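Please go over the structures that come below.
In what follows, chain A forms one complex with chain B and a second complex with chain C.
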Partner chain A sequence: MRKYTPKDNVQGKAYYTDRFWVAPRVPRLDVEAESHFADVVKALGRKAKESYVEIGQLVVHIKATENFNVLKILKESCGYTQCSEQSAVDYLAKDGEFELFYQLLNISEAKRVRVVCRIKEGEAIESVQPLFKSANFAEREMFDMFGIKVNNHPFLKRILMPDDWEGHPLLKTYPMIGDEFASWYEVDKIFGKEYRDVIGPENRDPARIDRYDTKRFSRVGYEVPFGADISEGEIENPIEYSETVLVDYTKNSSKQLDERR
Partner chain B sequence: MAQHQVNYASSAGLPIALTSVDKLVNWGRSNSLWPLTYGLACCAIEMMASGASRYDFDRMGTIFRASPRQADVMILAGTLSKKHSEFARRLYDQMTEPKWVISMGSCANTGGMFNTYATVQGVDRIIPVDIYLPGCAPRPETLQYALMMLQKKIRRESANMNNNTKSNLRLV
Partner chain C sequence: MQQPNKLTPFFENLNFEREDNTMVINFGPQHPSAHGQLRLVLELDGEQVVKAYPDIGYLHRGIEKMAENMTYNEFLPTTDRLDYIASTSNNYAYALAVEKLIGIEAPRRAQVIRTMLLELNRIISHLFFVATHALDVGAMSVFLYAFREREFAMDLMEDYCGARLTHSAVRIGGVPLDLPAGWLENAATFCDKIDHEIEHTYGALLNENRIWKMRLEDVGVISAENALSWGCTGPMLRGSGVNWDIRKEEPYELYSELDFDIPVSDRCDSYGRFRLYMEEMHQSARIIRQLIPMYKKTEPQLMAHAPQYISAPKEEIMTQNYALMQHFVLVTQGMRPPKGEVYVPTESPKGELGFYIKSEGEPYAYRLKCRAPSFFHTGLLQELLVGTYIADVVTIIGTTNIVFGEVDR
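And now, the complex of A and B:
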């Protein structure tokens, strides 16, 4: 039998891990000399701490404080004019850090570069909104989902969640079904906290059956009237099958053969 | 101008119809159910299909309105997020009495597959629901059936909404 694992924190641990599963690793290739990416790494100079090629994309690790300058070089001298995505990954449990990434696109060369940097929890990052207008919403989303502050952002405000929301949902410590605040959010907002008792907690069990609720659930094998009180047990009413059989084998209407014809 | 002479005594009886106020009011209410155009997710596509020519809600007196002030029924079609729940309740409050609510699809009924932090786990947490319509997404026939069930329910009601009890509103 499979070992039981507690399922209250599904984000903490996977339900099931195959002992023989080997996670596929994307090969990290060196930057070829004389290639376009080699020029990019050369333009960045010592700002590029580590650089390699993954699935045809250049990945450059930089210091978090140099993100604006690096992206400026990439935009102005390497032709990376689009920032298609910018966000973060939560590695707080593993390393105590966030990994931030900027996904850049050079349309004329059809090349992509991912700029990666790491910041500690509570640290802020410089906004790249003056370089790429698309970073405006992306940085707001990063702030909303991870709580990472962005310096010199023109309008740093939650973008997806409501303004009065508490918590940052994409953190690994945030429960999938929401915390206490999230589970009462709509009740608190519309009716007020004193209505929590009236409305009751959320039902998060998709297969919930209330045995004594005869209005919304039926009892298999029992005939219970709608809305009847069955808290003291229901009346036994077993299913009856028909006595009439279609073929009566007790009668000697058929002839049994003793030997082969 | 055409001259018509109707012989009431022979053709359709005397020009008198005896009924109760309840029946008359409910006849009017149930045959002109104006729903609020309130599509929240993919169920809205089915709701639009129900309103379009093939299923044709207009023939049942059901004409979608874009304002809660003119609507009688709120068809909550789709996933209600917690951010939006406040506005859903406000729209419901803006509707004039008498008003009814159809919760359309799994997401509106129970939260459906969105067992997440951002989804309201059943719109009945914030709005009283008359008809729960299962399906993901329910076909237009199903919405049509739900509407007919609602009409049936309205016809059982008392014209004075204060007289309605749980027993006379129960659908059999």
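And now, the complex of A and C:
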């Protein structure tokens, strides 16, 4: 049987992992160690499901439906006046969920809090744009990259990708060199669908080398008509490797010893 | 509305047939003042902007996606392409985030070199700002003078790492190289030179220039509350009277040992921000001057000693079998930081540049989010431009100092 490759996470993976390797975890400290963070958790009360300090910053896990209220409390009573960043992490393959985070900054205390919540696939999240205007762009980017809908956002539209794009690039199911839609997008846009056979799909593999590609000016140094043969009778050579480095032990030249010397 | 067909294609610049009297014009993405690839759709009533819509994404290369498909060391040169005006700041912000995640600290000499390079990059970036901002507003000669001094700074970068633009001058755990002979003397000469030039060339040409002040004063006014709400950082925030600099408030590297001031302006307008940039260059030069004697007192070690994550020095790899084996594993498989997440902010020339890294204990980051200051400053444009006149649009874009490498990522 051929090897089965899971399609729910097509990102880069380690080619070898030791069977006994157990990844350690960054230490999570108790919030009581820092009085300011303890006050923040107290102000949130039961809204904070789980809280700890990780690498100097407070992390608070909340329910996704309470995100607006929690951020409102943090802004109005704890002094977190800036939302530095807001985005998501794709855990669809493992848990069927997205993890959303809001990175907040308190300027007077020089403290940072990360508010984390989880939503199921297809669920929407309430916009925090009325509290922090920076969420306007950040939530649009999250929608563009993950397809997470944001309720009551003033202008939820794709931001980095073109408006007529299909698919959400930062999902783990989306391959890095793009999917089939991506390979036809520019051909369809510039020449039209009827030219698909003439031009062919866009090759988005950055490591691909076509030695006899007439479209690459760098190869020949001067302009040639499309499809012209520039090989000058040269036959295509397969890559050969030096035999001085790679020794072929199947050859008769190698001698096998019958007994131990 | 236009009815586009093959004979009369859609003209995106013109859209007159509206019910009200406003005109929609399209600014960019190839406008010389668009600072790269900003497309700005402006709705004008006469000469006044009634609606602005910044359209970004023309330089989107999916850098966050690439981070999920590269090992941690492989990704570092990619960060050069974020804010390509000050590459070392990006390299450093990323390296610092990974170092925090794996819990190591760079050796003293590497810290001195890094801090020097960061401040040199701040000067390079600020000179670029002064030059292009002046050019956008119409002062051609400042552009030439500022680029002249920027060349000297670029020469210093080139002497150190061999590259002028995409430096990759920082590694996770330290720096790759020691300073070449004569570098410190050149840096000291440059600091004196730049101090003199700021005072006597750019300052003399612009600070009290009547036209410059008319074009910049009370243009692009942002209140402190608005600046915080829109996620403004760096000079955009300090230009609104908020005294917030990550180098002072959450010090990293050697900033806690250095003596420097944070200039703050409460004018809230473009002119105040311009003066901030000028003063910050002075402060950067002051920092580099303090670092020169500090360098001489350091031990020659350049990379942190953490064999699990960072390859041993070359002579150990070439002489010791175990170091070679570890190096082989680190190169072929990549380092495996512990599980966890980290958000590390740094003060890049443009503002708060932060990297959020979520690690699942694999050699590839599970998620990497680059918090780019320019991204949020671009978002601010949709509010800041409303009510201003079309002549001020370019000034306001210039004053935000956005770089599209990091807006679109």
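By definition in this document, the second predicted complex is superposed on the first by the 177 of 261 C-alpha atoms of A that agree within 3 Å, B and C clash if a C-alpha of one lies under 4 Å from a C-alpha of the other, contacts with A are read in each partner's own complex, and residues count from 1 in each chain.
By our rule, contacts are C-beta pairs under 8 Å (C-beta built on N, C-alpha and C of every residue); 3 or more make two chains touch, one makes a residue touch a chain.
Keep in mind that this is a model prediction, so the values were computed, not measured.
Q: For the combined arrangement obtained by superposing on chain A, do chain B and chain C clash, or do they fit?
A: Fit - chain B and chain C, as placed by superposing on chain A, sit side by side.
Q: According to the contact criterion defined above, which of chain B and chain C contacts more residues of chain A?
A: C
Q: Looking at A:Thr81 after the superposition, I want to know if it touches chain B, chain C, both of them or none. Which is it: first, second, both, neither?
A: Only chain C; A:Thr81 stays clear of chain B.
Q: If we overlay the two complexes on their shared chain A, which of chain B and chain C does A:Glu202 touch? Say first, second, both or neither.
A: In the superposition, A:Glu202 touches chain B alone.
Q: Output check: A:Lys133 vs chain B and chain C. Expected answer is one of first, second, both, neither. What do you get?
A: A:Lys133 sits against chain C, while chain B stays out of touch.
Q: After superposition on the shared chain, which partner residues are touched by A:Tyr185: those of chain B (first), chain C (second), both, or neither?
A: In the superposed model, A:Tyr185 contacts chain B only, not chain C.
Q: First (chain B), second (chain C), both or neither: which does A:Leu156 touch?
A: Touch status of A:Leu156: no partner.
Q: Would you check which partner chain A:Leu44 touches, where first means chain B only, second means chain C only, and both and neither mean what they say?
A: neither
Q: Counting only touches as set out at the top, which of chain B and chain C does A:Pro169 meet: first, second, both, neither?
A: Both partners, chain B and chain C.
Q: Taking the superposition as given, tell me the minimum C-alpha spacing from chain B to chain C, whole angstrom.
A: In the combined three-chain model, chain B comes within 6 Å of chain C at the C-alpha level.
Q: Please write out, lowest number first, the residues of chain A touched by both chain B and chain C across the two complexes.
A: Touching chain B and chain C on chain A: residues 161-162, 169, 174, 176.
Q: Flag every residue of chain A that touches chain B in the complex, lowest number first.
A: Residues 161-162, 169, 174-179, 182-183, 185-187, 189-191, 199, 202-204, 206, 226 of chain A touch chain B in their complex.
Q: Name, in rising order, each residue of chain C that touches chain A in their complex.
A: Those in contact with chain A are residues 56-57, 60, 62, 64-66, 68-70, 100-101, 103, 226, 228-231, 233, 242, 244, 249-250, 333-334, 336, 338-345, 352, 354, 356, 358, 360-364, 366-367, 369, 371, 375-376, 378-380, 382-383, 408-409.
Q: Touching residues of chain B toward chain A in the complex: what are they?
A: Chain B reaches chain A through residues 82-83, 85-86, 89, 110-111, 115-118, 120-122, 125-126, 170.
Q: Using the touch definition up top, name the residues of chain A that touch chain C in the complex.
A: Within the complex, chain A touches chain C at residues 11-17, 21, 23-26, 54-55, 57, 59, 81-85, 87, 89-90, 101, 103, 107, 110, 112, 114, 132-134, 136-138, 141, 145, 158-162, 169-170, 174, 176.
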